[in-house]
Amino acid sequence: MPELIQPAVVGATGYAGFELTRLLLDHPRVAKPLLLSREGDNSTRLDLGDVYPHISGNGGFPVTPFSWKTLKEKGVQLLFLATPHEISREWMPEAMAQGLRVVDLSGAWRLKNAANRAVYNFDDKDPSAAAQLDSTATYGLPELNRAAIQSAQLVANPGCYATSVILGLAPIVQSGLLDKSAGIICDAKSGVSGAGKAPTSKTHFVEVADNLSAYSVFGHRHTGEILEQLRLEGADLVFTPHLLPIPRGILSTLYVRLTGPATAEQVLKLYRDFYAESPWVRVFPAGKLPQIQYSVRSNYCDIGFTLSPDGKRLVIVSCLDNLIKGAAGQAVQNMNVMFGWNEKEGLN
Amino acid sequence: MPELIQPAVVGATGYAGFELTRLLLDHPRVAKPLLLSREGDNSTRLDLGDVYPHISGNGGFPVTPFSWKTLKEKGVQLLFLATPHEISREWMPEAMAQGLRVVDLSGAWRLKNAANRAVYNFDDKDPSAAAQLDSTATYGLPELNRAAIQSAQLVANPGCYATSVILGLAPIVQSGLLDKSAGIICDAKSGVSGAGKAPTSKTHFVEVADNLSAYSVFGHRHTGEILEQLRLEGADLVFTPHLLPIPRGILSTLYVRLTGPATAEQVLKLYRDFYAESPWVRVFPAGKLPQIQYSVRSNYCDIGFTLSPDGKRLVIVSCLDNLIKGAAGQAVQNMNVMFGWNEKEGLN
Amino acid sequence: MPELIQPAVVGATGYAGFELTRLLLDHPRVAKPLLLSREGDNSTRLDLGDVYPHISGNGGFPVTPFSWKTLKEKGVQLLFLATPHEISREWMPEAMAQGLRVVDLSGAWRLKNAANRAVYNFDDKDPSAAAQLDSTATYGLPELNRAAIQSAQLVANPGCYATSVILGLAPIVQSGLLDKSAGIICDAKSGVSGAGKAPTSKTHFVEVADNLSAYSVFGHRHTGEILEQLRLEGADLVFTPHLLPIPRGILSTLYVRLTGPATAEQVLKLYRDFYAESPWVRVFPAGKLPQIQYSVRSNYCDIGFTLSPDGKRLVIVSCLDNLIKGAAGQAVQNMNVMFGWNEKEGLN
Amino acid sequence: MPELIQPAVVGATGYAGFELTRLLLDHPRVAKPLLLSREGDNSTRLDLGDVYPHISGNGGFPVTPFSWKTLKEKGVQLLFLATPHEISREWMPEAMAQGLRVVDLSGAWRLKNAANRAVYNFDDKDPSAAAQLDSTATYGLPELNRAAIQSAQLVANPGCYATSVILGLAPIVQSGLLDKSAGIICDAKSGVSGAGKAPTSKTHFVEVADNLSAYSVFGHRHTGEILEQLRLEGADLVFTPHLLPIPRGILSTLYVRLTGPATAEQVLKLYRDFYAESPWVRVFPAGKLPQIQYSVRSNYCDIGFTLSPDGKRLVIVSCLDNLIKGAAGQAVQNMNVMFGWNEKEGLN
């Protein structure tokens, strides 16, 4: 039996951090994760089972204050940051210096293009260190970037919306069948857990239930990820997120025009070939569309499509669970790739 | 055409205050309500249509800072307080001194028994003035208390749960058929708007959706109202509230044992007679139970029951909309009674 | 006081028919509506208050079997058909012959273009009579078609999705600012009541809750209405409906490209001017988007938009209640226009 | 490595049958389950992955027509019936004759008392064979009945509500602290999947959403199970189920009076001792109440309580997932007990 890797999670009390912790607890290749909280985040030491009684009954899950010393003492080999992006920006240079491998679930290190990073308004203490990490960080979407992730020290786990849109569009964009002059419309809808655990007027039950709203039109932070990863910078791509009255799950409806008429068989083959080595993408038969329910609580990204009768308009539907394939599951998938394990390990 | 009464509403931006404002805007006997906010509550003057775009398109609804002087200048005759109970305790002596009639939607003045008031932990500046108001305030449940409300200066609008439970139990309690030795169980379930508009972890969509939870067992503030109004102080009555994953509505399931076997016809007649003069209570035929959907967005309290085969156990179901019959609609109904208008006026 | 018009409703037990009945009961210009059911639809006479206890307590609402003789005897002047389109196709020639004015809520008479009608697969007994009615029926969208509705004998009440999309697009389409070569994407989301009252696996709570699904891509029946009313036949317009886990409400996100850069002020003025005489459309300030909650349970269609930074991409959001502005409320609005009353009558 | 047991599931397309299939697919002690459908239930052979795309991507899940011959040929050792109770009554004598061990998820064989069985109105072809099975069938609640289940040939898997109520009450009922003269109130609330997959007006999204309703008061089929298993026949016990607007989960609020004052420590010890050997029951600390969310999608039954200040009234809250601990998970737990495996096997 091979030695277990020791992971640590900072931010386990958030929704994504908790999902991540649950996944790591069941993962056959890793030791029980060390759970850490930022100083000031919790005045007293707490147990994750008190915050989430869902997992009580299986022993204690103490959350202890973060320090670099604790990481070293506990022999942590892989650090998961489920922290606000400000923290990830601040801590990362030291984490790298300590020789840790890191999967960062925030938006801190996803973007290569400084113009795209502007929406985050980062305030780096050491801009040159930050700039170097900006250029060396690896975008952690295994389906597009498997080889680079394997050897990466810093993996920037993709945004939930971005994962859904990029995986839905990548095959057609890379195929050459795409008519870029026509515009690419990405109409995405997400459950509320994507907005995080902090209570705000936007996550109040009465404001969300029986409702639907669009937000951040032409200004959502995930737009840059989509453009960069699909190499569509400058294209007429519109990304519009909506807030669904459900706890979790994303459905993205993606509209593209083709350069000429295609057949459903062609498109299906294109997608199936593209994801032939990707166990966490399921491509549905032509005309059969995924629904949020099918992939929720799994690490799958489900993709289906319908072709217009004239073969020139393609509508793609991409679904995933924002907390799993859109966050914690993808982080574990990245870990699997980083350590050379089977990509499905611990995710079934 | 008779002169219109001038009402004012403090706290129109909360859920109950907004419902009240909507009802007053449509009421044929009152002028457009003056909307007021407490000092410090809003740094700038705002328009209610900005907070609730639902009502935009019908002209402006400016909210102005509260002052006694403004009330006088605008000729306000009836003051509705949809404010926290602390404010109502603080302001009421002055309101009385100004000669205003007041309908207070908070829990400040509902309880006669000092022991029951203890759960509120009131911190009165002028205890003797408060004590006098405690004794003179009128509990605003028209179905039980119509005559007193008509001449009252200060009407304490009942709690939403309390309204549901009291109306469901009053006929059987007053009938003498009740076996008080057996215990009275009040299992109540409410939508989330009852918890108010402030975002907290308890009103976060992800915590409420797909969930149900009991809370404040043996400790809910409405218990005192129920005991006092039904004259059941000291009885073995249990009241348990639950938080439902719906925006609005209350269903209370009430369990009593009878002193001897009764027939469904007897019970039905008892309830129908009791509410014969009460247009806002609908008594359902025996065995046909109300559901939350039937009364939501109306001022009705719907009551139904099922009798056990042996005629000795009675299960009563009582439904209402916590924001209407449980708050704003009842406040308007109280106003109708106070001014001698038809009790249904402005509530259809 | 003017004489009241006598309306009749066939199909009052369905969701739209029930909403229509409620609206007519409160309408100051019409008598209590005659409620009729198709032969075979109900074995016994029933009361609408038994199906919808929501309205019980206000007297009886008997539903009687339909016959032309009954209509005549009761002096019916306006017939509302909330029936399946097959019934509306079958009955309409006789209704016209009887000299009745009709508002038909089904899809039977909305489409002028025979190719668009093909999706309904009508099986007319008298094809020539049907063809004549196809050409003379008036599409009942008052905002676009007020004058024709006023004198129409047969008004085809628009589809719910179609209303939302057409009202959202009409100003920009008619303005000449639209770049038709770029494609027009209509991504629409509807609550479940739009699927009707019949229980199916698609309306089962467990299949809908916590879910979102796209359906009828490139094949929805409302697409023809949209193309015809906007005079966009042959354009690259895609309409994709989705099923939301909410009871009612539609939000359509509409994507268009402009022929050149525009300013938000220009677009706002365009929309405000277009709907200046239309009291049931609310145009929101630039960048402020409507949500389903704002218009639900009202007859409003709410429209907002965001313009891309370069001024060339316009995203329009259009919201309405599928049972009110998308069905029953619009039917009443059409009645108001047909009889020369204020368009807001009975709809506040 | 020990030989795997071969299970078969009849009724895998229903909600409970599907959950059961998922659990068996992951269970380390059993072979891939044979999925069977009743004759006439499916005109063609189907794949479970077509009905539930959730599980697609992991190979085929063919559902084949049921026959005793197929069971024999495939070497089935354990038969799970997730069928209507009529089928279970009809098939069971033959299953017993074939020497099969059976876990029946329906209500067919749960009740010992003929009077309690009357609510099912069984129409047995061979009444004497049925009577014998009625007396020999084992009620499959491991926490109360572990030893008998181990050697049983026919295990009657308990009802979902019954499991929740029995586990919540058993410790206090068996303790002797219960004042039976006071009445026992069981107010239970369940998600919609408990009503099954067949679409009816009661499971229509629009009828359930934003609603709550009580049903089958004094007449629910699970009442007999509760009375029999707790040996409370003849007691004044009331069981009232309610339909919650959520897909899954049950919360039962249970009200009992004690013979004398107790302390929270006493009650906690009583419950903890009672379930000391039961890994699937979690007893919460005094005053900390379980919520549906904590146990949903797990096999846990969570139990918490609050004691009145005078120590004489006990309110117990019991939560579980109606499809797991209330059906499929409990069936697997029973299998574990029947074959002498660890009770947690395959259920984590």
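Chains here go by letter, A, B, C and D, matching the order in which they are written, and residues are numbered from 1 within each.
Throughout what follows, a residue touches a chain if its C-beta (ideal position, glycine included) is under 8 Å from a C-beta of that chain, and two chains touch if they have at least 3 such contacts.
These numbers come from a predicted model, not from an experiment.
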Higher number of C-beta pairs in contact (C-D or B-C) found for C-D
Looking at Cα centroids only, farthest away from chain A lies chain B
Note: chain C sits from chain B at a C-alpha centroid distance in Å of 37
Chain centres from averaged Cα atoms put chain A and chain C apart, in whole Å, by 40
For the pair chain C and chain D, the C-alpha centroid-to-centroid distance in angstrom is 46
Multi-chain touching residues of chain D, meaning two or more other chains, are 209-210, 245-248, 291, 293
Chain D partner, complex, touching residues on chain A are 26, 53-54, 56-57, 209-210, 282, 284, 288, 290-291, 293-295, 297-298, 300, 302, 348
Given the complex, residues on chain D that touch chain C span 15, 192-193, 197, 199-201, 203-206, 208-210, 245-248
Note: in the complex, chain A contacts chain C through residues 182-183, 185, 187, 189, 207, 209-215, 217-218, 236, 238, 240, 242, 244-249, 251, 253, 255, 257, 289, 291-293, 296, 306-309, 313, 315, 317
